[in-house]
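Following this line, the structures themselves.
Consider the two complexes below, in which chain A is the common component and chain B and chain C are the respective partners.
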Partner chain A sequence: MKSLRTDRLLLVLVVGGYLLLWGPIIVLGIFSFNSSAFGVKWESLTAKWYVELFQTSAIMDSVVRSLLIASVTTMVATGIGTIAGYGLFKYKFAGRRFLRLSILLPITVPYVIMAGALLVYFTQIIHVPLGYPTIIIAHISFSAPLAVFVTLGRMQRIDWSLEEASIDLGADRLTTWRKVTIPLLLPAIFASAVLIFPWSFNDFTITYFVAGVGTTTLPLYLYSMLQYSLKPVLINAISLIFIITPTIGILVLSYFQREKQFTR
Partner chain B sequence: MKIFFGTKAPVRILPTLGPISLWIALFVFAPVGVIIYFSFLPADSAGEISAGVSLKNYWLLLTGDTDYGKAILRSVLYAFITNMVCLGIGYPTAYWIARYGGRFKALLLFLVIAPSWSCYLVRIYALKQLVGYPGILNDFLLHLGVISSPINMLYTSTAVVFGLIYIWLPFMVLPIYASVEGINPALLEASLDLGASPGWQFWTVTLPLSKGGIFGGTILTFIPALGDWLVPLLIGGNKVWMAGNLIQHYFIVRGNLAIGSSMAVILTAAVVLLIYMCIKLGGEDAVERIV
Partner chain C sequence: MQEQARLPCVEIRNLVKKFPGVIAVNHINLKVKHGEVFSLLGPSGCGKTTTLRILAGLETADEGEVLIEGEVINDVPPYRRDCNLVFQNLALFPHMTVEENLAYGLERKRVPKSEIRKRVGEMLEFMQLNGMESRYTVQLSGGQQQRVALGRSLVLKPKLLLLDEPLAALDRKLRKDMQVELKRIQKEVGITFFYVTHDQKVALAISDTIAVMREGKLEQVASPEEIYDTPRTRFVADFMGATNIFPGKVIARGGGEIQLETESGLKIVALADKASNNKTITGVCVHPERINVLPTGPDVETENQFNGRIVGMIYQGDFVELKIHLLSRKKDVSVTAHLDARLSRKDSFAVGQEVTIQWDRDGSSTLHG
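After this line comes the complex of A and B, so read on.
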């Protein structure tokens, strides 16, 4: 028998883990409704910081920039990544393992290294002015691999005989792609997009390295607010938005997955 | 260079794998190649790069009177402690979810993943607001009368390590969960039938079979902790520098691309060595588990 003490220790560690992950975020969330401007002493309940947030044009501008960058990144990265995942799953060829490891490279090497390398590359070698193009290119390099592996994971659960059936029944390859393969891949495409969009929206390190003047995204704006200690309470309010957005994304994703399980 | 098997395969491989290969070559391999090249260029203290090849940058990192070497050793040490503590909290958590989660498995996993997908800057800030001074915890304790003067919990090495654990913990849980969940239940039953006690079963069956998850989690926790620069900057208050801070300092603040590059190359070498070791020890499963 496993002793009661082991079980209790296990539970303590688990509860401790969850507390560590959520404690600071929950406290921050509660304090974003605090009327005190300095944020640490509780005064009274208010939503005025959220109103102020929406009235500060600098913040809203940076939100628009972040949304723009995240949208373009999501579209391109999901596209490139999904077809690459499909190719990696379907075809066996020499160099497949090497390609897989290469795709893994940008997501395993610390961001600060790849971001620094991209900065040198953009400014010294290909001479692209820092701004939207550099941010979006950098974001795609990091998020397309995510889409590849999301797709690879999902492809194992797809019934590929449908594709063969389509060809046996006389459809050409292009029609099969359009009518069978893409619909089969839709859950993977959706899952990739739901992961990549918040990733790009939230990214700080890479954007910080390759952003130029005038392309301040929301995380960069937040960083400058932190640096100059401007309105801590406003930062609390922004933070809650940052935490809620991906949470909704993951919830939508899991709901979608559940739907799929029922239909199969 | 690639040899394709099958006659029709290359025609179909190119449109699917061509774009990503091109992208990785142009925007991952080329930049890495460029920093390797830059790391061998001689640069003066102002960052002005001259022609030629030298090992001066690397030499400076090893023998310079500055704290380079210390920062690198510190990074390795902190990342190691972070990894071990994350394993200590993350393994039980993942194991518990997989074994006792029941119908709440999805929710429990979601509660682990959600923080890791929110902005990492925000999470550091949340921690700082909570334990810093002025900070919520200090204020609360002062109010209760538990402490008479605010305690300084930030700007120390301990605070930095704690911050690293807080940030990177979710990445340890997921791969371990996946491998514990993937263990064939028949194997566990068999070990009990053959007379193993649950404790013995854990050490001889569960733990070895979740090796891939442990090393996958190590790749996902050790490496980002090794290259982290925001935690030491914000939680360590710019006093406790790690390798990532040196890279950021030389690339952004000083604009000395040559020295920055050589730092980045050294860190990349450390990372590649670590990934290699994890794959050797944890098997190909370690790679499978991290994605």
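After this line comes the complex of A and C, so read on.
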């Protein structure tokens, strides 16, 4: 028999863990409707910060920039990662294990070190002016391994005789890729994209190093606001928007995912 | 057309396939006639699936030739070969409906849309899958999935259909039903079937010809009856369920019969088959159901009659399996006999009882290796 005490302890742990996860976000959300521009003291309910947010062009510009960078990064990194994962899984060649390890290892390198290395590389070795290209290249370099990682995980659960069946039924390699392999990998491709997009969108450390003048992304802008702005409460407002939007997105997607469960 | 009829549908010449550390297929030669069901039977790891995959083009041969209707196809890529494979796990596309699965091969061949629709419709009808066309394959029962897999290949009207134990995953009853179904389908479409299996019962039930394979080589190629009744080697005998194998030497021959003395000292009489000489005969095998078991009675010595004691009895439903130790032998000899459950009452024998066993000379078969 399970004791009542164990049950209660479990409940406390669950509620505690949940509060730890969502508490700060809830507080932040509530305070985004606080009319005081500073601090933690509640004054009165207002939505004016949201209005101001959309009227501050610097913020809107940085949002657009971040969305653009994250979109390009997601597309390119997911593509590279999926193809690399496929190659590493399917083809046997000398040095395959080494290659796999050397692609996955950079995930563990601290961002500051990675960022410094990229900065030196861009400015001192290949001499690319800092800006969109450097940010996107940097983002791809840290997010493509994630896609490889996700794809490799999925590959282990794929029934590869499906590819052979396709070839046997008269499809050449390319058609097989298009008609069978990609659809089978779609969950992995999708998972990679869902992982990489916010990763790129949120990245501060690496972007901080390799961004040039005029390519301030949202995280960089928020950071500077925190340091110098007269209205830190704006951060609360924008944060809430960026928490709620993906949450809704994920809820909608997971609903459709359940509707269309055909993969084993 | 006449030319075609004379050529075998499939011919394999001196086929060799090596994998690191093992020769999977070791100089195989075989011919498959048009319109027959040819089974390649053997235990797992004997090279049968490798042979099948070479036919499909999914593996390349190291040596030898594969011919379909007289044409060497070694270098033809799998997607241009006129033969299709039904996979062991069926490999139905999970992201496509039944209809899309059936149409997949036709679309690749760029068959006009209207004809695809017509042929897929006919196949749905033929496979009794009406009303299932827009379902995903995971929503189908095991038997329906089998039929989709078969239909997906048959709709292409290949010269040869390769089957890699597609019935292995089914439960016993469904497997039996599908055997009958498979045979009916094959008769109706008339396509040559090349069937790979480790299940001798399936092979016996559906084949016109069986080739028993062992460690990359063919042991015997013959009709099901021949393989079952007169297995040539000890391996084939054992694999076909003739569990009573008596290694021995011929000591006398004449009048269409031979006498053997087994290693354990039994004297056995068997039919002499013309093709062989005494030297090549290495023993005799007897199927368990060919052995008569009688309560020990009058000492009338007939041929192949021995006394023994029942040491084990297993009830199997339609038959009773008896394990019998033969008495007073230099070496222990045990014999397995199957009693038809209808003909013998369960309680007519008991463990520990002394009995007499006997079999007729035509119930045994001589072995050659």
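Assume the second predicted complex is superposed on the first by the 220 of 264 C-alpha atoms of A that agree within 3 Å, B and C clash if a C-alpha of one lies under 4 Å from a C-alpha of the other, contacts with A are read in each partner's own complex, and residues count from 1 in each chain.
Following the convention adopted for this analysis, a contact is a pair of C-beta atoms (placed from the backbone, for glycine too) under 8 Å apart; a residue touches a chain by one contact, two chains touch by 3 or more.
Quick caveat: nothing in here was measured; it's all calculated off a predicted structure.
In the superposition on chain A, contact of A:22 is made with chain B only, not with chain C. In the superposed model, A:170 makes contact with chain C only, not with chain B. Looking at the shared chain after the overlay, A:88 reaches chain B, while chain C stays out of its contact range.
Of the two partner chains placed by the overlay, only chain B lies in contact with A:114; chain C stays clear of it. By the touch criterion defined above, A:213 lies against neither chain B nor chain C after alignment on the C-alpha atoms of chain A. When the shared chain is aligned, chain C comes close enough to touch A:180, but chain B does not.
Between chain B and chain C, it is B that contacts the larger number of residues in chain A.
In the superposition on chain A, A:159 makes contact with chain C only, not with chain B. Shared-chain residue A:41: touches chain B; no touch with chain C.
Of all residues in chain C, only 56-58, 77-80, 84-85, 87-89, 91-95, 104-105, 108-109, 136, 138, 152-153, 156 touch chain A in the complex they form. Within the complex, the chain B residues that touch chain A are 1-5, 9, 12-13, 15-17, 19-21, 23-24, 27-32, 34-35, 38, 88-90, 92-93, 95-97, 106, 110-115, 117-123, 125-127, 129-130, 134-136, 138-139, 165-166, 169-170, 173, 197-199, 219-220, 223-224, 226-230, 234, 244, 247-248, 251-252, 257, 260-261, 264, 267-268, 271, 275, 287, 290-291. By the touch criterion stated above, chain A contacts chain C in their complex at residues 159, 161-162, 164-172, 175, 179-180, 183-184, 262-264. Interface residues of chain A, counted against chain B in their complex, comprise 1-3, 6, 9-11, 13-14, 16-18, 20-25, 27-28, 31, 38-41, 80-81, 83-84, 86-88, 90-95, 99-114, 116-121, 124-125, 137-138, 140-141, 144, 148-149, 152-153, 195, 198-199, 202, 204-205, 208-209, 219, 222-223, 226, 232, 235-236, 238-239, 242-243, 245-247, 249-251, 254.
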